[in-house]
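Structure first, commentary second.
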Amino acid sequence: MLVIDGNSRSNGNTQTLLHILLDNIPHEYISLRDKVVHPIIDARHTDEGFQPIKDDYQSIIKNVLENDMIILSTPIYWYGMSGLMKNFIDRWSQSMRDPSLNFKQGMYKKKMYVVTVGGDEPKTKGLPLIMQFQYIFDFVGASFEGYILGKGNKPGDILQDKKAINIAKFYNQAFLQTLC
Amino acid sequence: MLVIDGNSRSNGNTQTLLHILLDNIPHEYISLRDKVVHPIIDARHTDEGFQPIKDDYQSIIKNVLENDMIILSTPIYWYGMSGLMKNFIDRWSQSMRDPSLNFKQGMYKKKMYVVTVGGDEPKTKGLPLIMQFQYIFDFVGASFEGYILGKGNKPGDILQDKKAINIAKFYNQAFLQTLC
Amino acid sequence: MLVIDGNSRSNGNTQTLLHILLDNIPHEYISLRDKVVHPIIDARHTDEGFQPIKDDYQSIIKNVLENDMIILSTPIYWYGMSGLMKNFIDRWSQSMRDPSLNFKQGMYKKKMYVVTVGGDEPKTKGLPLIMQFQYIFDFVGASFEGYILGKGNKPGDILQDKKAINIAKFYNQAFLQTLC
Amino acid sequence: MLVIDGNSRSNGNTQTLLHILLDNIPHEYISLRDKVVHPIIDARHTDEGFQPIKDDYQSIIKNVLENDMIILSTPIYWYGMSGLMKNFIDRWSQSMRDPSLNFKQGMYKKKMYVVTVGGDEPKTKGLPLIMQFQYIFDFVGASFEGYILGKGNKPGDILQDKKAINIAKFYNQAFLQTLC
């Protein structure tokens, strides 16, 4: 299990959800705010094609491909994923054309989870974001196994969202059973 | 009229739509790929608050505030706006807390347009993105005046999307009448 | 608590969820398939206005207005609520103009829940339906307190959707605590 | 070309759009408010299966199957299609299991259009409805060729929605060219 965290601060509400979700679950954790991932330069239709970019993207995506279960964790910023996460996802277009990766085959049937927390009516205004993740995972043939939409603004708020906490515990139990 | 362009390549399909839309319309144009706009560091709940960041964001947002009509132009990347555009929008959270800007008052009733082109069924799979823009504009009290969802992948494709071209021409006429 | 059930068969999956959700909770239950609710005849802009219609709608809506918590239960048919439920909701337009009801004031801050089960990827393809309910409740000033999106096709399928069952149990506990 | 009209009043705004859209285009027209189409009784999982229902549905659906291009026209009521239209669509579940119809094969690659008008921010709050139509058409393998989302409440309002009028004219031209 690998967590890709698109939060731009530590100890946020998404983090709290992740702790509950991953209690006793062995996992790797990558925080995008500690990495450099440049916005994509769209070279799909240039003669040269994509050029190697010197940042941390390639090592992160290799890590993704080596794991069967991926949790994408992002705050809801302006009703979408964070720019940190979006830059990361946008670069998948580059990986799609990278013969060294076999990206689409590698993503096929991978189990994807999304954990996201927002302040403004996330349980409905966060739904376009969930739809986007569904389209994203469909495009690469991955399986969207589940999501947690939590409500919170100030650090700690999420603890008041008992439904989100409950779902995190539920998935935690499901993960534990998978491990046995 | 000010165009904020979140494309990561020049001469793309969105560009073609913009040319039709803006034919004979005086406007300013900012390409985010020629600017540096860092991802937000969320400091809303820290003691220090947001710190000034040395990049081009502040001058761009001042330009936005000085214009009555804003066109946000972005390719549909992975069913959302480009990371370049998302980084720009995410920074609005910083502007919301910047007493020198009067951001929310400045955005109130501003006329917003979105021009976006995607390759995979944009007229329906692009709808979550349109919803997000609606939520974004609602949040700051701006008015979502219209959008063009075009279909295209390779440069030039958009010319086959006669409906999108038609809508671009329609708005162009409407803009021209506003100017008279 | 009042349940309005838009299912067209008994013992379906939505019913199973409702049983878990309402265990030990006193409630009234109205099945729309046992009632007659005609499609609306839109008379908002006629000289005569809406005319009284001889069916069960008026008594049902009065019952709604007398309860603080309303559960709308519908299968997901063709990615939307059932026609039975839609006919019922459409008639709210008539109630909006019925001076004997004070409809909008009566709906204000009412607590609304939605329980819905579908067969084809309900957790994402059911999201447009959830958005519609949000818009509906917003329009009348009611509060969308929560929803359960379950997966099931054949009767009994829902028992395999452990997450939906879990959320139903969670709300059941929350309801029980409200009663104490 | 066949129009299925789910409006519950005549001379509404959707009607006005249809007149522009179909100017000089030979077509058949069925108004659901002049027909009887009962809500579905879900018998997918009963021993007996679906029983024949005495209403106008079967003749309408046969007409649909005989046409290559179908326009579904509905007001936006409460952010969804009208109950009249929903009852009609729900019955497709019955047709799916009707061996006399070959329904899914008959719907395959059929060209579908949606014309819909609403009063409350239809260009964004009508988008969940458009998504539902996309899912519906995808399910039966039909092709969602285009849609018009118009704004209007009182009869005649739609004439103020110059963009919708423009799109209707655009499709009209496209239809005329198809006929030549």
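Letters A, B, C and D mark the chains as written, and numbering starts fresh at 1 in each.
Just so it is clear, a contact is a pair of C-beta atoms (placed from the backbone, for glycine too) under 8 Å apart; a residue touches a chain by one contact, two chains touch by 3 or more.
Remember, predicted model here, so these are calculated numbers, not experimental data.
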*What is the set of chains touching both subunit A and subunit C?*
none
_Shared interface partners, meaning chains that touch subunit A and subunit B_ = none
*Could you find the chain whose CA centre sits the greatest distance from that of subunit B?*
C
*Just how far, in Å, is the C-alpha centre of subunit C from the one of subunit B?*
38
_As a quick test, compute the distance in whole Å between the mean CA positions of subunit B and subunit D._
33
_Gap in Å, rounded to a whole number, between the CA centres of subunit D and subunit C_ = 24
*Give me the residues of subunit C that touch two or more other chains.*
127, 131
*Report the topology of the inter-chain touch graph, choosing from line, ring, star, complete and other.*
ring
_Pairs of chains, among all present, that meet the touch criterion_ = A-B, A-C, B-D, C-D
_Quick check: in the complex, which residue numbers of subunit B touch subunit A?_
7-9, 12, 33, 39-43, 45-46, 75, 77-84, 86-87, 89-90, 92-93, 120, 125, 127-129, 131-132, 135-136, 139, 154-155
*subunit C - residues contacting subunit A, complex*: 121, 123-124, 127, 130-131, 134, 144, 146-147, 162-163, 166-167, 170-171, 174
